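Next up: the structures, one after another.
Both complexes shown next keep chain A, but they swap its partner, so chain B is in the first and chain C is in the second.
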Partner chain A sequence: MSILARASVEDMEARLADTPALPPHRVIRGPEIGLTMLRGRAGGDGAAFNLGEATVTRCSVSLPDGTLGHCWRLGRDRRAAELAAWLDAALQQDALRPALLDAVVEPLREGQAGAAALTARRAAATEVRFATLQAMR
Partner chain B sequence: MYVAVKGGDAAISAAHAWLAQRRRGDEALPELSPAQIEEQLGLAVDRVMAEGSCHDRGLAALAIKQARGDLIEAAFLLRAYRNTLSRFAACEPLDTGAMRVQRRISATYKDLPGGQVLGPTFDYTHRLLDFALAAEGLPPAEPEEAEAASATMPRVTELLAREGLMSRDIAGGNETPPDLTREPLPFPTPRPLRLQSLARGDEGFLLGLGYSTQRGYGNAHPFVAELRMGEVEIMLAPSELGFAVSIGDITVTECQMVNQFAGSAHNPPQFTRGYGLAMGHGERRAMAMALVDRALMATEMGEEATAPAQDAEFVLLHADNVEATGFVEHLKLPHHVDFQSELEKLRSIRARWQADRDANPLAEAAALEATI
Partner chain C sequence: MRPAFIDPVFGAQEAFRALMDAMARPGRIQRCDVLPDLPEALAPAAAAALLALTDAETPVWTDATGEARDWIAFHTGAPLVADASKAQFLLATRAMPKLSTLDSGTDETPQDSATLIVQLDALAEGAGWRLTGPGIEHEHRLDAAGLPDDFAAQWAANRKGFPCGVDLVLCTGARLAALPRSTRIEEAG
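For the complex of A and B:
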């Protein structure tokens, strides 16, 4: 769910092109846009406080056999929330799960991990290497 | 007192049409898109999200475009939009210790686990105007890369707390914090409400107050123990699932400000700390917030509260720029009847004053003598 919550519609659709068709779904809630209250902690680890809100979109769908799929994601992308909820439901079907994990979830995970790793490498390039007097001796 | 007045519709619609044309500017130039604002004026977007108290980069960028770059007006627009949405659920508190750090510096320790990571900073630039940016030209050079260590970065305050040199915040549990958007601020104000109020406060107001504590109005001796900026994961537990799921990442800036000692009969002298947390990349905001947070602890720490920054009622009731601009700018609205009554009153006072004087010329001479 966390990978699908971060994936764009375009990325999910592109990955779905090579998989068997998903079973039909019925939307049972949403997709609807609302707010979530973000919270921090005083000092980073103390009592919780409200930082401010963030937009969030949620959607729940069901498959013909009654399997439910859900998506909650930051932002206001209704199409992405519905598709992610549909995928969440499909991923609970034993027949579909391996193919979807291989063709959709794993490539999306790799893409997201790659982007995070690139940011980490760029940050690492800005780490200060102190040349103190002692080190120069 | 305001009185409904009819008329002016045509003038108002003409004014708004002109505003729209001014917003667009010279049509020979390409129009700015919200996506361009989001990407290229990212720090303005961050400020509007923080002061609008609503994290949504696209909406903040649209608000900036609509407000012609007036960031307070943009925060106002974002707050108004936020009021049209219902709140589904609250998130779990952010774990800034697990932040994927893009920038992390400490002014108190040179060598610290995780190192000093400068990130994309204005620090150490020469603040000379770069005319290359005025000329459309080549894309910037690709940022450098280096092998990234996978270790998470411990908080500097934790290093001090382990030695007992730093007061610890009372470990937080799962209690629901009070929310100033649902209930009016009480005084004295508990710290979670103070932090919520500061987090959405006007950056300029917080900066001025923070600066005043450094200059002697509040007796602060602050050090930046740590400033960090990066992405944190947002976890939310929907009721239909019953467990928390990760719904996305947001960038935040956190400042831990170490401050003067405090000790008592029960506790040995220790550093105290102020805390700042801002949506997006907002170092000045996070630092100013941390200074003011610490100043507002004066009474709890048994310090004499004499400076403006230590007065919660003064600080918290004036920090919100949407509230402040509403009350200041409402003075532009027609007060014609109000003012008419003031005029009548002044005219009658003056008439009485003149009548008294005419009736008693000697008193006038005595008054004149008294002033000499």
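For the complex of A and C:
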């Protein structure tokens, strides 16, 4: 689900183009945009504090057999929230799950892992090692 | 699972307006038909009232089960409580709980009392009870079928504790009427 919640609507639609059609869905709630409070904790053992608010979009859909799919994602992309909720419902169907995992979720996961690795490498290149401080220890 | 308001903003506003008019004019029937597709056990007016009034901070009690209960939990986001005396809003789809068992607020905070929404078999103006009190110029006649036999006595006891007391919303299908705690009921003679 975290992969679908991060993926852009274009990425999801491109991956869906060559999978069997998803069963029809019906929107139960939303897609609607709201705010959620982000909470943080300093150093892992500090008291929790309110960091700020973030925009989230949520959507719930149901399939004809009653399966529910939900999506809550950062940002204001209503179409992406609805599509991710639809995929969430379809992924609970045993008949569709393997095909969707292979065609949609895995490629998206690799793409996101690659992007994260790239960012990490770029950040690593700018790391500064304070040799003097290290030598003093 | 079935959807709630088609348009969340206008649906909630229309439901709230109907409730406000109903409370301001006790016993007058208002229409509120903004929920075309509902679980069978729920009346459209009662469900709209619940959606307009409740959220995560208002404990809700209901005797609805199965799909209807899931629908309420999902769309209102309100905590469902098993103990009727702890609830701020109550929805009775069958027999209503006794008014004396509900939270009627305190003298300092009478606004915290419970609001009971009851689904009835029938609701008609022009016959039955004689209603008087704030919001009614002379008297208003309302006939409600499906309330317990000792309802008049329960209501009289509810009025005694004013300003504390429970407010009542009576619903049939897409129609609703309210009985605020200040309204006097005389049985038709």
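Odds and ends about this structure:
As a convention for this text, the second predicted complex is superposed on the first by the 125 of 137 C-alpha atoms of A that agree within 3 Å, B and C clash if a C-alpha of one lies under 4 Å from a C-alpha of the other, contacts with A are read in each partner's own complex, and residues count from 1 in each chain.
Everything that follows uses one rule, which is that contacts are C-beta pairs under 8 Å (C-beta built on N, C-alpha and C of every residue); 3 or more make two chains touch, one makes a residue touch a chain.
In this text the structure is predicted, and so the values were computed from the model without any measurement.
For the composite obtained by overlaying on chain A, chain B and chain C can both be accommodated side by side without a clash. By the touch criterion defined above, A:66 reaches chain C but does not reach chain B.
Between chain B and chain C, the partner in contact with more residues of chain A is B.
When the two structures are aligned on the shared chain, A:27 is found in touch with chain C, with no touch to chain B. Superposition on the shared chain A places chain B and chain C such that, viewed from the Cα centre of chain A, they span 80 degrees in steps of 10. Superposition on the common chain A brings chain B within a closest Cα-Cα distance of 7 Å of chain C. Within chain A, the residues touching chain B in one complex and chain C in the other are 60, 68. Of all residues in chain A, only 1-2, 5-6, 33-56, 58, 60, 68, 70, 72-76, 116-128, 130 touch chain B in the complex they form. By the touch criterion stated above, chain C contacts chain A in their complex at residues 1-4, 8, 74-75.
Here chain A touches chain C in the complex through residues 26-29, 32, 60, 62, 66, 68, going by the rule given at the top. For chain B in complex with chain A, the residues that touch the partner chain are 49-50, 53-56, 58-59, 82, 85-94, 96-97, 100-103, 110-111, 115-121, 143-149, 155, 157-158, 168-172, 175-177, 179-181, 191-193, 195-196, 199-200, 230-231, 233-234, 236, 238, 240-241, 245-250, 252, 254, 256, 273, 275, 277, 279.
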